[in-house]
Amino acid sequence: MAIILGDIQYGKAESRLVRIVRDTPRHEIRDLNVTTALRGPFQNAYLEGDQSNVLPTDTQKNTAYAFAKSKGITSPEAFGLELAHHFVHDVDPVEGARIEVEEYAWERAVVDGAEHDHTWLRKGQEVRTAAITVDATGEYVIGGLKDLVLLKSTGSEFTGFLKDEYTTLPEEKDRIMATALQAQWRFAPTAGQSLDDIDFEAVYPEIKAIMVKHFATLHSLALQQTLWAMGKAVLEAFDFIAEVRLKAPNKHHFTYDIGRFGIENKQEVFWAADRPYGLIEAQVTRDDAPDAGEAWRFSAGLA
Amino acid sequence: MAIILGDIQYGKAESRLVRIVRDTPRHEIRDLNVTTALRGPFQNAYLEGDQSNVLPTDTQKNTAYAFAKSKGITSPEAFGLELAHHFVHDVDPVEGARIEVEEYAWERAVVDGAEHDHTWLRKGQEVRTAAITVDATGEYVIGGLKDLVLLKSTGSEFTGFLKDEYTTLPEEKDRIMATALQAQWRFAPTAGQSLDDIDFEAVYPEIKAIMVKHFATLHSLALQQTLWAMGKAVLEAFDFIAEVRLKAPNKHHFTYDIGRFGIENKQEVFWAADRPYGLIEAQVTRDDAPDAGEAWRFSAGLA
Amino acid sequence: MAIILGDIQYGKAESRLVRIVRDTPRHEIRDLNVTTALRGPFQNAYLEGDQSNVLPTDTQKNTAYAFAKSKGITSPEAFGLELAHHFVHDVDPVEGARIEVEEYAWERAVVDGAEHDHTWLRKGQEVRTAAITVDATGEYVIGGLKDLVLLKSTGSEFTGFLKDEYTTLPEEKDRIMATALQAQWRFAPTAGQSLDDIDFEAVYPEIKAIMVKHFATLHSLALQQTLWAMGKAVLEAFDFIAEVRLKAPNKHHFTYDIGRFGIENKQEVFWAADRPYGLIEAQVTRDDAPDAGEAWRFSAGLA
Amino acid sequence: MAIILGDIQYGKAESRLVRIVRDTPRHEIRDLNVTTALRGPFQNAYLEGDQSNVLPTDTQKNTAYAFAKSKGITSPEAFGLELAHHFVHDVDPVEGARIEVEEYAWERAVVDGAEHDHTWLRKGQEVRTAAITVDATGEYVIGGLKDLVLLKSTGSEFTGFLKDEYTTLPEEKDRIMATALQAQWRFAPTAGQSLDDIDFEAVYPEIKAIMVKHFATLHSLALQQTLWAMGKAVLEAFDFIAEVRLKAPNKHHFTYDIGRFGIENKQEVFWAADRPYGLIEAQVTRDDAPDAGEAWRFSAGLA
C-alpha cells in the first residue's frame, strides 16, 4: 500500500475585475469575478515543494487583467475560453485550465428620462455564471445564473404526497412558491458548429426569459414540476445546449395564523422563513447529449 | 455612588413579513423586514425579573402580522406609524415605540412582453428603509435607502489634497467613483401640514432619482462634494424634509498596472477592492429645521 | 431658510492589519480591523470640492500601518489613542478623530502537547472592540466585545408577562436562553488617574469572565434581568468604568414538537431559529458618571 | 432526440437542530445543521406533478428532530447513518439518501475556575462536517471540517517558481502562510471491520491535531507541500481512512511598505487581503483505496 496524490489543481480565486470600454462618450461596463485554476504536472510542488512547474497564482491574476484589455470581454464564456486557451497552449507545463466567472449586471442611470453615458446602478438581481474547462480531452463551456429570486403568489399547490408516521404537513391548494434559482447549461455545438459560433450574449437573456416565463405560467403541482418545465423549454429552444442543471431552494412562505386574532388570512400575510428550506434538484438532458467529459468536474471555487 | 439603569428598550427584530394583495387577478406584493421596540416603565424586568409590564416580543411580532392585514401596508413609513401608535396608545404601560422597516423591491415578471399578474423577480437593488419613533415628545419619521450601488466611469477626480509625511497617494484627474449609498431623510411637516399629509410612496422614487441624477451629473472633485449636492437637492425639492444624512463608502477601483506587460491602460481595467474603503459622511440640513427630538436616537436594530 | 452642512467626518474603514512581534523565537500576533475618521474644517471639500484641508483616507491607512511598527500595539484602546492623538495634534487642520478597532483573537497551535512558537488557530469566538474619540472636549475610550455567543440549557424562565389581545405565547418555566452578546464599556479615569494608567489588556478578560459568570449563574426570569446583572457586576468590579451598554438578541430555541410522533421532549430537542429574534438593550451606569461627551456619538463604521 | 430527466434528488436543507442531554445536572450539547436529500423513483413529480412517491421535505425535517431524541446523537456521522438507513429502508419508494451535517462546537463556561454544568460559549473555530450516502451500491461516510483558520508567521517561503511574461511576483524567503482549511476524509472500513466499528468521535480531534501539527512544523516551500503533508499524515495514522481531500485558500498577508516612511518592516506589519486569494486543492489517497462509489457525488447542499 502506498499513499499517492489524486487530482490536483491550484489557481487564483475571485479576482474582481471591472472593464470599462470608453472608446466613445457612451461607456460600457463589465463587472466580473474571475477564478482561474491550472492542472498539469505539478506533483513535485506537493511532494517536494519544487515550484519549477508552478506558474504563480499571482501571474494568473495578472493575465486575467491583461487580457481584459488585450482580448476584451465580449462575454464571460468567451473571456474564459481566451484565458483557458492561453494557459493550456502558451504556458508549457500546463495541461488543463478551469476558469469560472461571475458577472454582476449594471443598468444605466436614468437622468431626466435619458440613459446616462457613464453612470450605472448595480442591478442587483441574479448573478450570471460561466465555467470553462480546456484540456487534452476537449473544450467545455457551461453558462448559468444564480440567485435569481422568483416568487408567485398563486398558481402553486402541493397535495397528494406520500405520508408516513412523521408526516404532519397539511395539503395546500394555493400557496406562495418562491425560490432563488441556480441554473447551469452546458453548451454542445451541433454538427458543423463550433463553440465560437455560439452567441453567448444573445443566448443568456433568452434563457432567463424562458425560465421566468415557465415559472410564471405553469400551474405548479410541485417545484419539481416547475424545474422540469424550465429545463425542458431551454433545451427545446436551443439545439446547441445539451443539458440543464437546476438547484432551487423552496423558500417557504408560511401563512401567518392571524385567525387567532379574529382576522381572516386568505393567503395574504406570510412569514418568509430563512431556514430550513426545501432544496430541489434536477438535471434535464438530451438522450443523445455528447459526453459531458470534464465539464462538471472539479470546480475551482471554494464551494 | 449608586449603579442605575440608563436607557432601555426591547423588542422583536427582523420579522420577515410578506403581504400579498389579491383582491383582483393582478396581485400586489410588499416584502418587509420589521423591527419593533418598546420603551417605558420596564425597569423591574431588569432589576427584579418582574415581567408584569412587559409585552412579549412574540406579541409585538403577532401584532405586525395582524396589522399587515387589518391596517394594510401603504408605505413602510405609514405602516410603522400604525404600529407605533398602537403600542403607545393601546398598550397601557408602553410610553414609546421605535419601529424600523426595511423593504425589498420586486418587479413583475415579463412574459411574452406583458407584465405578469402574480409573478415577480426580486429587484435586488437598494433596500428602502424607514425608522419611526412615537413617544410623549412627538412623532418622528425617517425615510431612507441603503446599498444603492452607484458607479461612474469618468467625471470624478481627486487632487489638491493635504499631504503629510505618510501621504503617498498620487493625484488622479480621472477615476472611477463608486459607492453603496446609505441615505436617510427626516420628514418634518411644514406649517399646517401633518405627517398624514405626506405621500411617502410618491416621495421615495423622486428622492432616489434626484440622488442618482446628481451623482451622475456633478463633475466630482471628491465624494464629499457629491454627497453635499445630493443632500442639498433633496432638501430643495421637498420642503417637508428637514435634513438628509448620508454615508458613502468610497468603493475603490484601482487602475490595474498592465503597463508592465506592454499594454496601455487608459482607465479601462480596474481591480475592485473589498477593504479597506474610504467612508464619507455628511449631514445636510435646513438652518431652521425643527428639533430632531428622538428621531435619530436609540436605533432598535442590532447595528 | 438656508441649507447647511451639519456634522461631517470622513476616514478609512476596515484596514485589516496584522502585527507580528518576532523579537524572540516565540512570536506574538495582533490581528486588527482599524477604522479611522477625522473631524474638522473640511466643509469646503463638501461645498466646493476643495481638498486643501483633506488628509486622504489613504494617508490615514498608511499611518495606521506605520504606527503598528513605530508605536506598537499594546491594546486596541492604546493603539487607537496613539492614532487619534497623532491626527489631532500633528495634522494641522484636524480637530477631532474617531478610531474604531476590532480585534480577532488567535490561540497558539498545540503540537505534541506544547504551544507552538509561531503558529496559531483563529480563536473564532467573540470580537473585541474599541472606540476612541479625541477632540477639543476631551478624550474618550470605549472598550467592548461583540458576537459572544452564550447559551444555557436551564436556569431560565419567562412567565408573568403582560398579555393583550395579540398575545399567544405560553409561559415557560424552563427554557434555553441564548444570545450573541454585544457589550461596550466606557472608561472614565477616577480622581488622580489618567487613561494611561488603565491596563486595558488586563481588564478585558476580567470583564468577559464577569459577564460569562453572571450569565451562567443567575437564575434568569428574563434576558433583561441577566443584562442588568452583567452590567452591574462590571461596574462593581472596576471603579474606572462609568457605564456599560448591552445589546442582546434573544436567540430563540424552540422546543420541537415530537410529541406528535409519540416521543417525549423534556427540553431536549430544539429548533434554533434565525429570524425574528428578540432584541434586548440596557444601559447600566453610575449615577455620578462623568458626562459621556463625544464618547458614543457619530460612529465611524458603516453601521 | 428526446429530452429526459437525469439525476434528481430533493430534500430539506439546513435544519438547525440543538440537542441537550440533561439526564444528570451536567448537561451536554450537540448543535447541528442537518440537510437530508432523497433519491429514487420521483420522476413523476417532475414530469407530471404527481407527488404520490414524494415524502415531503417537511417530513424529512420532522424525522431529523424525532431521531435526535429517539436515536440520540453520538456523532454527526452516526446520526447521518441513522437517518439515511431509515429513509432507505423504512420509506418504501426511497432508494437512496444523502445526509449532510455541520456541527458547531461549544465549550463550557468557566465560572470561578470551574466548568459550568449547563452554560456554554460557542467555540467559533472550525465547523465539523459529515456527508453520508446510503443506496443500493453501499454505504459511504465522509468526515471533515471547514473554516479552520491557521496562520504561521515564519517557516514558509515561495521561490523557484515558473515565470512567464505576466509574472511580476518577487520570490519570498520568509512569509506569513495562512489558510481557512477545508478537509474531507472518506472512511473505508478495513477487512473485517464495519462502519459501526469506527469511533468517529475519537477520530475527529486526532485528525485535527495531526493537520495542525503538520501545518505548524513543516518548513513549507508552498502551500501545496503543506497540504500533501497533512493528508499523508492522516492516512498514515488511520488505516480505515481511504483518502483525504483538501481545499485551502492562500489567505494572502502582504508586507506593508512602511519603508516609504523610514520605518523598517522586517516581516512584522501586514495587510490581510480579502480577495483575490490563491486556492490550492489536493486529493491524497491510498493506491489500493476501495472505489469511492457514491461518496463524493451529488452533494445535497446549495454549494
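Chains here go by letter, A, B, C and D, matching the order in which they are written, and residues are numbered from 1 within each.
Going forward, contacts are C-beta pairs under 8 Å (C-beta built on N, C-alpha and C of every residue); 3 or more make two chains touch, one makes a residue touch a chain.
Here the structure is a predicted model, which is why all the values come from computation and not from measurement.
Comparing mean CA positions across the assembly, the chain most remote from subunit A is C. Comparing chain pairs B-C and A-B, the larger number of C-beta contacts belongs to B-C. Centre-to-centre, using mean CA coordinates, subunit B is 38 Å away from subunit D.
The distance from the centre of subunit B to the centre of subunit C, with each centre set as the mean of the Cα atoms, comes to 23 Å. Centroids built from CA atoms put subunit B at 31 Å from subunit A.
In subunit D, the residues touching two or more other chains are 15-16, 62, 66, 166, 168, 260-261, 274-275.
Those residues of subunit A that touch subunit B in the complex are listed here as 15-22, 27, 29, 31, 62, 65-66, 68-70, 106, 109-112, 116, 118-126, 148-155, 176, 209, 212-213, 215-217, 253, 256, 258, 260-261, 263-274. Those residues of subunit C whose C-beta lies close enough to touch subunit B in the complex are 1-16, 35, 37, 42, 45-59, 61-63, 66, 90-91, 93, 158-164, 166-169, 182, 220-222, 224-225, 227-228, 231-232, 235-236, 243, 245, 247, 249-250, 275-288, 298, 300-303. The touching residues of subunit B, counted against subunit D in their complex, run 165-166, 168, 260-261, 274-275.
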